[in-house]
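Take a look at the structure set out below.
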Amino acid sequence: MVQNEQTPATATKSDERIRQVGFLTHMMRRPELGAVAGLVLVVVFFFFTADPSMFSLSGLMTILAPASQLGILAIAASLLMIGGEFDLSIGSMVAFTGLIFGALLTNFGQPLWISIAFTLLLAAVMGAVNGQIVIRTRLPSFIVTLAFLFILRGLTLVGLKWATGGSTQLRGIEDVVGDGVLKQVFSGVAFQPLFTWLAEHDLIEKFDNGVPKVTGVPVSVLWFVGVTGVATWVLLRTRVGNWIFAAGGDPVAARNSGVPVHRVKTGLFALTACAAALVAIITVLDAGSTDARRGFQKEFEAIIAAVIGGSLLTGGYGSAIGAFFGAIIFGLVSIGLTYTQFDSDWFQVFLGSMLLLAVLFNNFIRRKVTGER
Amino acid sequence: KDIKIIVVSHGQANDPFWSVVKNGVTAGAKDVGVKVDYRAPETFDMVAMSQLIDAAVNQKPNGLIVSIPDASALGPSIKKAVAAGIPVISINSGSDVSKSLGALLHVGQDEYSAGKAAGMKLKEMGGKAAICVNQEVGNVALDQRCKGFGDGFEGNVKVLPVSNDPADVRAKVKAALSANGDIDTIMALGASTAGEPSLAAVKDVGKLGKINVATFDLSADFLKAVAAGEAAFAIDQQQFLQGYLPVVFLANYAKYGLIPGGDVPSGPNLITKDKAAQVVELSAKGIR
Amino acid sequence: MADSKAATSPPLIEVNNIVKHYGSVIALSGVSMKVSRGEVLCLLGDNGAGKSTLIKALSGVVRPTSGDFLVDGKRVTFNSPRDALDAGIATVYQDLAMIPLMSITRNFFMGCEPRKGIAPFRYIDFKHCNAVTHDEMRKIGIDIRDPNQAVGTLSGGERQCVAIARAVYFGAKVLILDEPTSALGVAQTSMVLKYIHQVQQKGLGVIFITHNVRHAYAVGSRFTVLNRGKTLATCAKGEISIDELQNMMAGGKELQTLSDELGGTI
Amino acid sequence: MADSKAATSPPLIEVNNIVKHYGSVIALSGVSMKVSRGEVLCLLGDNGAGKSTLIKALSGVVRPTSGDFLVDGKRVTFNSPRDALDAGIATVYQDLAMIPLMSITRNFFMGCEPRKGIAPFRYIDFKHCNAVTHDEMRKIGIDIRDPNQAVGTLSGGERQCVAIARAVYFGAKVLILDEPTSALGVAQTSMVLKYIHQVQQKGLGVIFITHNVRHAYAVGSRFTVLNRGKTLATCAKGEISIDELQNMMAGGKELQTLSDELGGTI
Amino acid sequence: MVQNEQTPATATKSDERIRQVGFLTHMMRRPELGAVAGLVLVVVFFFFTADPSMFSLSGLMTILAPASQLGILAIAASLLMIGGEFDLSIGSMVAFTGLIFGALLTNFGQPLWISIAFTLLLAAVMGAVNGQIVIRTRLPSFIVTLAFLFILRGLTLVGLKWATGGSTQLRGIEDVVGDGVLKQVFSGVAFQPLFTWLAEHDLIEKFDNGVPKVTGVPVSVLWFVGVTGVATWVLLRTRVGNWIFAAGGDPVAARNSGVPVHRVKTGLFALTACAAALVAIITVLDAGSTDARRGFQKEFEAIIAAVIGGSLLTGGYGSAIGAFFGAIIFGLVSIGLTYTQFDSDWFQVFLGSMLLLAVLFNNFIRRKVTGER
């Protein structure tokens, strides 16, 4: 049920104990594709209620940008969840690594590449420490990473005050970074010439002053897609992927079968922290500033996206593509509501209802199609 | 043709301060007959806010009203709006950068100077040692209120981080007061969330009247305490105007191209014992 | 290989006086045993005698509280089941060590995945793995419908067969089987006993735990009986009759009455 | 009571043509069987034949896709295991239905807790419960150390005994046992078989699943053999020899070769 | 290991396979008493760092008041966790029921007892609905109650604006309630005469004007203790308690044994919602007002307290007394820091570290004592 790799023809054919199953059913059984049903529902809803500009190219980009930042976190969180653990310090880690990154650039005047490398390294180390504490003490990761949620958030505040001399906002990062190739890898938009060309030939919308409404694809979207691809490949096709499923499904059984459960979990914690650092780098470079509230409650949103995408909170089951769609659904709902006429007082009511409906619908469709009861 | 205006602020709809701004927006829209949308990120999140501004620009409104607590993060999005030909008015925070980002004008007064005014007033009342009760540490707007207060007060100021829970605020203020008997001034950063429980705590330790309690923003119960002489004052930015005026301005700009020539300072307005009684009812309705 | 049973070579596995406490529970209080090449050691004993605990110590799952453990005559300490696997000891645990949510193939190769491709891009060839799984399962007498079916949906016996097939496929020196036949049908049981026989012929050592005296007598070359955490007796096949063995397995309890009542067929 | 086996009374349980699909898997494709008072029906068959699925349908755990189910001649539909329990059907599941983190006593009485005291203040008398648990376990041949020990720390066989003792203690009309002896030691096995015999004498119906033909032959009064989700055959004890039965259980597979190789002792 | 009821003497005596175990070890094995170790550590820490007034009678009452409100939620959350489910809508439920209660009193002019009864009833119904959705859809309770977190929070805002005509704070509750006996059951302090008497005889501290510094025990503390007692009794001594453990330990096995798992879970959801309503009633009566941010993140704190108290996130294990101590530890740490000289910027760092240390210490002691590894 978890994986549906192709089967040697000899195996499945002609067993009278299997009913014939259509291609659609087969596809819908994959956990990730269930999330598509939720996505369709949400899109249909907005199609009828939202301003048409939502479904224009530029509208989609305004949705994809936040969805992709959340999505990078969600995919890491979902890998960690498949591996049987939680990380509640993701959001604080975004703020903390953002501070480290910003301080390296401004206060220490380091070049961009050193700052990026050091930030990622530090995040990996801190994630691994998180993981080691969880493993060695055998405490639930919930409580350990919750402690780090507070600790890192607090350190960010202290660090910011130190770095800025009393403020909780570190600015002026744009000025020191300049405009190298490396910066373009982590911030701004890609494929700019293409979009300019398209605009010149009136293939995409532009503003009255001739600038295309969409100047390119935000690089975070590319990262998002890339991370999804790699994570999916690792999960479904590699040894480490098998170990992740095993470690989350039943750590004792996995250990007894020779899976290095502890190393896998430590690695996943490090990975999650790195994903947070990546998002921090992208947002800090994009915004040119960082503050004490960056990433607030992002751990929550990441877990929501992973769960919408079909990952089990108890571990051992889930997919990266599911988290991909989960993040898009979440982004669509939260930005999409601003395209509608609903009063913002009702925002949370709608957000909650849409989430519930999307998950319910996804679930309903999956059960209908697979005949599961 | 309908005139549509979008407001993007950094204050959530359930924040007592911003709910008054929103009421102003709604009242303005009704008075001049335009459509408005009020948007804010779920938490104090500058990245999300810039994305909301992008989404707003994409809808091509006839006017855009934004608060600017972080010019670096929001600047590019605001500039994009201006470049797209959308008239922008900034409110509340960002008076210093408003012009340079291309906004037509700024309505409001920044948190720092409001804090400073309050600090000076409390110093004048004889305060030497104070706590600044902050219900949302890390929210730049509140941090600035505290910072301004400290700079104006010029005495010994300690920040007391609390949550939104009145029982928690009350307990922490009580704890701070019993741990340090020198404290003679309490500056709360929100009237209902921090101010009222602080007053209760002062009552609990039996120092009502001996400790000057002041707060940002208004709430009916706090104002009653001010009227009764139990609390010092409440400081008000008249944020209703920060919502009301820009809507009216932008509507007139869209209709007739009319716009005031300069920034509009909406506050601060210290509400002391003599004025408090009149404001209670309005505050209970979310207008002040 | 079958003649490597030379008397001079040290036993494959030897344990002396192994003690294991779980908190206040004393599961093993001084057990000794050994297995040599080409030998099937049957570990017998009542429920709760400590058989599973003993083999968990052998396969690195738990660390004994005290006692010696020698592999090929050399003293070793296993810190994890991985160490035991690397030393060539493959185990079928009583609780099977399977992940219910994962497919049969993934469970089969868990911990020992064969890989293809170059360094950072190495991947598992699932086509190959599925074929191997299907074949190995067929060998043991189970015709699985689809190697991608989740193990959690298999019947108890089918699951047992996956665990056995896996251990046999990856076993190198010593194969430990903790009640492998308990959930198996008649045909599968014969298959497993035949397997044990084959494995023994190849010169591997086998530790076989069972409660069925007939199965034990059919394939065992030596029998070690545990009782309440202690070694009760060890004897070779020739030295003991099947009925004596059965009485000893029951810890000397009175079986005659019932056995008679039911027609002596148990 | 033992003479209530009158030919006129309807069977305790009767199922006709039961079909069960799990998604695309067909676990049962039309099975029929019945049990009368004072009868032990042995349900036999290969691994994956559908025995557990069938008894899960009987005990209300799964709802059959189609088919008739009659208790005491009346058609019933069980919506939950509670309904089956209330109808007097107690079951030992192959996976035991125990909560590892809970104590033996709590598991023993789970779902049928005896209570003391008046309405809103009724409580469980744990002293009594512990004593009952200890006694019942001793009856089946297990001397538990402490009824408050968590079931998760028991050995496989000990756990099995808890499940059996519980079902016997609470069983009212029909007792269903899914491979109850698979993890049991020799002494405990005889005990369970004796139990089955006693229960039968009391006039209850018993459904007994096993892969051990000797156990089946020892206590069974009728045998129903399943194969790949279908009823292969049903016959009474007198009509069939133990070897024929064994061959049928294996689904007619060729056993002779191996049985010979190993000395015909399986 | 979960329960250590007394054992008939016959059972434990004289089995050579059990080592002798001291009384202390026996006690420490109980999950709740592990939390005591954490409490001791925290107290020792503050004893050396905090202002002595923290350990005065009034200091302790200051800590107990918020701890007891949190504790009532934590115990309900911990029962629900033992039963294998989560409720993330607790905090929003506090706000929502607070609004309902306040609106009944002011806008609808209902008497206090009707308001209380209706509020509790409504909460029970909403909790049961939550539970039914979780059970019927078989979605994880995490995602369902998360949706309700948003929905209820949003409805509170909308409702408040409607009830007050535009404000986010509903006030004036004190004026309409008056000062009956029923009010004293839910708000204010108890044992007032006793404390006055104690103060008169100089047995407790008083202000210069003769009023005792502590006028009584906050009723929320009494509720807290009462709820703990009842919950403990139910868990350890009743049938429903057994069902709760069973439902959380393995719902399939429990159902197969005849436990009405669905009814148990639905009941637990209703109970949790009622606990939230109780806290709402207490705080609304105490504060005389309610606002849109009441109970913010209380669900989180409740779960933290339950986990500190030794409840397993995966269900089937835990205790009410553990949650009791967990809530006190959490209250002690969060309030206690204001008694120390540490810079408040470090608040969250300390909160996180203390939580982690308390849990680690608790864990360490338990393992040391039980010899578990």
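Each chain carries a letter (A, B, C, D and E) given by its place in the written order, and its residues are counted from 1.
Note that in this section a contact is a pair of C-beta atoms (placed from the backbone, for glycine too) under 8 Å apart; a residue touches a chain by one contact, two chains touch by 3 or more.
As the structure is a computational prediction, the values presented were derived from the model and not from experiment.
Engineer: Using the contact definition stated above, find the chains touching both chain B and chain E.
Structural biologist: A
Engineer: Where the contacts of chain A and chain B overlap, which chains show up?
Structural biologist: Output, common partners of chain A and chain B: E.
Engineer: Name the chain whose C-alpha centroid is farthest from the C-alpha centroid of chain D.
Structural biologist: Max centre-to-centre separation from chain D belongs to B.
Engineer: What chain pair shows the greatest number of contacts?
Structural biologist: Contact tally peaks for the chain pair C-D.
Engineer: In angstrom, rounded to a whole number, how far apart do the mean CA points of chain B and chain C lie?
Structural biologist: Between these chains, centre-to-centre, one finds 72 Å.
Engineer: Approximately how many whole Å separate the CA-defined centres of chain A and chain C?
Structural biologist: So the centre of chain A lies 44 Å away from the centre of chain C.
Engineer: For chain A and chain D, let me know how many angstrom lie between their CA-based centres, rounded off.
Structural biologist: Averaging C-alpha atoms per chain gives centres 49 Å apart.
Engineer: Going by the touch rule set out above, which residues of chain B reach two or more other chains?
Structural biologist: 13, 137
Engineer: Among all residues of chain C, which ones touch two or more of the remaining chains?
Structural biologist: In chain C, 25, 95, 145, 149, 153 touch at least two other chains.
Engineer: List, in ascending order, every residue of chain A touching at least 2 other chains.
Structural biologist: Residues 17-18, 153, 157, 312, 345, 347 of chain A touch two or more partner chains.
Engineer: For the complex, give me every residue of chain A touching chain E.
Structural biologist: 133, 137-140, 142-144, 146-155, 157-158, 161, 300, 303-304, 307-308, 312-314, 345-353, 355-356, 359-360, 363
Engineer: Under the definition above, what is the set of chain A residues touching chain B in their complex?
Structural biologist: Going through chain A, the ones touching chain B are 51, 53-54, 56, 58-59, 62-63, 65-66, 69, 153, 157, 166-169, 171-174, 207-209, 211, 213, 283, 286-289, 291-294, 296-297, 334-335, 338-339, 341, 343-345, 347.
Engineer: Spell out the residues on chain D that touch chain C in their complex, using ranges where they run on.
Structural biologist: Residues of chain D touching chain C: 22, 25, 45-49, 52, 94-95, 141-142, 145, 149, 153-158, 160-161, 179, 182-191, 193-194, 197, 211-215, 217-219, 242, 246, 249-251, 253, 255, 258-259, 261-263, 265-266.
Engineer: Along chain E, where are the residues that touch chain D in the complex?
Structural biologist: Going by the criterion above, the answer is residues 1-8, 10-12, 15, 17-18, 233, 237-239, 242-243, 245-246, 249-250, 252-260, 316-317.
Engineer: Per the contact definition, I'd like the list of chain D residues that touch chain E in the complex.
Structural biologist: 59, 61, 80-82, 85, 91, 93, 95-103, 105-106, 109-113, 115, 122-124, 126-127, 130-131, 134, 143-150, 153
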